[in-house]
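Notes follow once the structure below has been shown.
Chain lettering (A, B, C, D and E) follows the sequence in which the chains are written, and residue indices restart at 1 in each chain.
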């Protein structure tokens, strides 16, 4: 399995010191992303999903636990200490396309940065231009965009430029941190489909971080659902949506506002959303979900449940299973 | 949003709430205004005379100050053994009734008045004189230089007799005593702090005198704020005869801003502007119905030429400068002051008319330059002219001179220098500029005073002497003159010195007689100046006891 | 693909030029900004050519015409003559020079220094470098600029270079602070995060990614500051610090003229109006720039 | 509450540190002065001995750090800032004499800035784009670009002929028995002399306006833009729809958040008031601290300069601290995040 | 049924630096008593502007508004009395609860000011009781603590509950909700929608809700308007519109939304909304429309009824198709 794995995360933990105490953003998380797969990481605000993404790209290192890249490289270190090759191979697309492009630079200048930085040799001007154009064409934008400033292009196109910038580095693995949540629905579709296409064409692996279950349903191969720094459930997409186990997952699915009766039928019916998400600063004892869980037992308050395999490749973390 | 108008009233209240408290931390200060010794709380019938000057004294201590504004205060609150005659400035009795000189022992013996009391009622005795002289010499500031080199000791012979033993003959001794103000020894000792710079004498009462007076004069200090103002009230215990309509209270304010003083006089907040008012101010105020007069002092305006720096070390260059000076124009800038004929103003005792005089003549100036060693290298020897910042219109004088010098071929620069830097520069010959402009007045009404301060080597290194003469022959002449006790002989020696200076050394340009231009509101008071009785010693014009308040 | 490339070249599309054109268009639509610009251009022209423009340029030197003193404004002397009989208008124009010179020196010193330290402190946020620079900045900010400038100017030589040095000493911390704040907000921008994660060198991040985003704010501040510096310098020359007479400076002309108020009002009023107009010009221009740039950022 | 106490304590410690550093820097600076302040202060007649003795007395012949430390102990233990070479007495006496009235002047000016600045700013914002707004904007523009001395002179000219309503020649005399703090108006209030108090306030009127007017204009501009920004905020629309009365809407819901930027700018304005007041103090014959500062600087009086800079430093730091606290009080976001 | 809100031919322009933004060219809509009406639209289509105009909080300037009719409960709103009437009958809930509450005032203060305008003279205790009631009615846990808090101390969901409770404190007939759940997490969104639905039904109020989240609209509305670039392009009962969209924009929008069924996503709608400065002369959607014809570029389509029921669409192609049928 490790031969085939792109990212292997073991007992990953991240704490932040704040003025009000320690914030446990990620609390012992395990998962594996296979080569050539789109792995979805789903959760609501404060679940720690973006923190995991940041650790993978090296914004900061974890407090504990390991992350292994391609089976042998330990990447539980911040980007500063990573090799140039690693930086090239793991790329990142942010949520907010507005802030991820330098407003004072043209698209050409923006794309030149990774092309130059990650080139295997010194590039001539001609080669550089060629590669920059390639990157842009890959995401389906016309060459004319090279001389535009980010301000002059639409939100979806901006996000595509971000993708092009990531691709220009020729990565193997891309962390997509809510890549479409700032976009309108009509534009989101185009970006999502482009991402999927590029993944297949370039044999990439993605970590797709989002809060949108429907999107995950349509793009990811496998997914994990997080709640307050823990993974609750972890399965193949199809299996997951037909047979959700964890009460939180069910609640999540049940809450989705859908567009047709057909979809309505797919939602778990017997659970209703209640309660608030607690602040990660005041994480409940035992199972973090217990204050909102309709199936709560006394053990849930005291003991943290362990991850269990409920069916092959389908894991859930709940005392009731 | 148009109907929000009503709410605006509420706004003020809201913004008041957030008012600043930052500045609440005022320190607990010792009162700088002193409690009045007598009933000086101004009742409605009391008259008050309000004046302005450019700088009020730093302290009420007569051993510390030596400027015209200091004198103005001292003369009203203290009294000396002798005072200048209102006509020619020669010494006449004041606290002393008579004196005698013993040539053999070089001792002056003074008989003192017996009817004098200080403001606190203590009687004036010889001990007070001794105390004041000892203190003066110990502090060695202000006018002490008049006595340090001469007075060996002071002896109390009896309660009404005091003797000064000199260690060398000193011609103008009696005249110089006009600046020796007598302090109330008992009051002073009572108010002396033990800790101080004067050994067993502690602080010698200097702290007390910062804002109190301890004299026997017609007035006493009731409030004193450094660099701002002081107030005087009539001394109820004064032994003399208080003027019938003399002001009961006097307030002197410090004002550096000419515009403000002008406005204050116009708005009626001030009665009299003291000192050198600019001619345009005088013109505009007199046009508005205010009075002004020219009060000649025992001093001159000098261009002091540095005789040790190039190119002014050449006497021909100095002569050229003297010829390049447009005396009439300069005097006109100051509203038409009497011209100077030599280093001594004609009204001063010891003046001699027998001097070499220069007139404004650029041709002669050029001729002098041609004779000088710098005839061919004027361009490479620039001349720097300095004047004191904020010192009336001396800048204009310098400008006129500079313009003329430029026209005869000099390279000239002018600098306006703050007072402190001006003094700093004068402490060393290398930092002294080629020419400075400054007024200098005599400490006592005699030519010797000016000659000594202006040209003697031992008074070198200050703003009064940019000439850096260091001329041994001249030093000897001055010393000889000063130690001559006989008046006629001394006067002749002074004349000889003046002849020598103007004829051979030419160290300075003498422009015109220093003339104060007080402006006053004639409706509020009458004084000697208004009557044309101008006294030669400036401060005696401001002897408030002689004022007549009107209305 | 080669085809698309060539068509692109044929279009001669210059994005920078295009951006400038747009900004200029927006700027030119605001009459106040245009007035500001015109004033500033005029001020620069006067500064450069005052000796040519001034009808009596020699009046700035050692010269007197006592007989012509205190003449009111006339065709010959547009702003009258002063107490030396010199032409107030000419002296005023020549007085622009020290004011502008001081502003130039102050900005030349304080902008590079302040911006550099600000960039450094901002880039090394939270480290010792940051702390040290921030503390030094606070230190210099805690004394009023005018006082600090006067101390420096008085301690050394009283001429306009030291006057400018004095003001610069008081002025740079504000550039450090504005740069620091801008950099801090920039580091939250994801494109900076991206460059950091990509392992791009610190100098390149600072100069190629951050600086272009700061330039507009700093230029705007410089424009507005030029006005404030001229005001400060005129306050200093009002109390006799800075330019030495007889060379004219606007502040000292006002203070010299005050004692002749109200009869000879033109001595002080004219240079005071000049100060007001110059400062207003720079402020209007600065505000105009702020408008254009803030719209652009949206 | 304990948290905010800690915060203030921390700020004070920080302030003390900055001030110590400031004094050390000024000390080293003073040593760099060309020329000899001691010599020139003693006047032309002083002998070399006297100068040497005086220099020794002032610690000028000892190493910098020794001198600084001696000065520091003096300040801390006795409140002794050394002896001024300009007034020839303890600097602390000078401070006690000059500072109170300047502080009073600045406090009154600060009040004016706040009240009038906020008033005109609000007026302009509420009548945005009407003639009221345009007029206020024009006037405030003039206010910002006009040097303070110009205002001083204009007022002087106008009121010199007004004869008395607003005196231009300094303060009325406060009889010695009423002097407590040295700040004339405050002393009158403390001793219940209301007639005299009114006179003091009349004397303060013109200088206050002259000192404050530039800042008032600037403050009004800042407050206007801050208000305009907030008028369009969602919460104003929300409160409006929810039925909050107009008066409350403006005075409370709009004013409180608009005050946050206003207050920050206000702090800077107030902190620099005193440093900029010297020309006005001179014109209106208020013999205050700013004027004193100018004099000690012009006279190169070492201990005076040090004391003056330290006092300015203290005022700046204290004002800034108060503003920080004020902003934290207005803005719970700052308060609840623990001062960040 | 009486029309609670009626807007006819509303046009709004904004004067900005670059020129005039013609945000809304001419829009009509109505909400009848007891109806729950949705307004679907993406970023920048002018939906918030419409709502602000309806609630009489659209400040002019900067906006320049012209309208034939704008009535709330049968009374025009363009007078002082009209505004008073609006305040009496309309409450509004904003998109972002973190900006809709004044950050510098405590919740109790903000609620109190609303109460005071309604009940000027009550005792402190009864005010508090009313506030507690309001909070309890939105099932707020620990209402005492909430009252004593600043907005920043509350989570997003709690803030939105507070906003709703404040909006419901007045007994109004129309609730205007501007994207009330966009800023919230999905489980919280569900709760808020439920709450809103419940309150509206229970108190028999009318509701107009704006959102770009189609699912949310579908969940709680009876009728829906679809808005594009300042125009209403389609109107009908929620059911019909979602099942059989007529306008190509509605169609594209629905197709582009990822579904729980997981059959992939359609490629969405190409391009961006047009600029509002000098907008296209014809149909504003023409540039992005797969069915656009020359007519669409020349002439702006108007809303025309389709079929028998209350179905309106502004598209030449759809109108033709319907006629053909």
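FYI, a contact is a pair of C-beta atoms (placed from the backbone, for glycine too) under 8 Å apart; a residue touches a chain by one contact, two chains touch by 3 or more.
Source: prediction; values computed, not measured.
Counted as hops between touching chains, the shortest connection from chain B to chain E is 2. Among the chains, the centre nearest to the mean of all shown protein C-alpha atoms is found for D. For chain E, the chain with the farthest CA centroid is B. Sorting all chain pairs by how many C-beta pairs they have in contact places B-D at the top.
One inter-chain figure worth recording: chain D and chain E are separated by 51 Å, centre to centre, where each centre is the mean of the chain's CA atoms.
Chain centres here are Cα averages; for chain A and chain B they lie 88 Å apart.
Chain B and chain C have Cα centroids lying 45 Å from one another. Separation between the centroids of chain A and chain E, computed from CA atoms only, is 32 Å.
The set of chain D residues touching two or more other chains comprises 128, 153, 157, 231, 252, 298, 300. Under the contact definition stated at the top, the residues of chain C that touch 2 or more other chains are 154, 258, 261.
Annotation for chain A: no residues touch two or more other chains.
Contact residues of chain A toward chain C in the complex are 57-59, 79-80, 82, 84, 87, 92, 94, 96, 99-106, 110, 113-114, 117-118, 129, 133, 137, 142-144, 146-149, 151, 165, 169. Contact residues of chain B toward chain C in the complex are 257-259, 262, 278, 280-281, 284, 329, 332-333, 389-390, 395-396, 399-400, 402-403, 406, 412, 414-418, 421. Residue ranges of chain E in contact with chain A, taken from their complex: 42-43, 141, 155-158, 185-191, 193-194, 212-216, 218-219, 242-243, 252-272.
Of all residues in chain D, those touching chain C in their complex are 17-19, 21-22, 25-26, 29-30, 32-34, 141-142, 144-150, 153, 157, 271-272, 274-276, 278-279, 293-294, 297-298, 300, 305, 308-309, 312-313, 316-317. Those residues of chain D whose C-beta lies close enough to touch chain E in the complex are 128-129, 231-235, 237-245, 248, 252-253, 256-257, 260, 330-333, 336.
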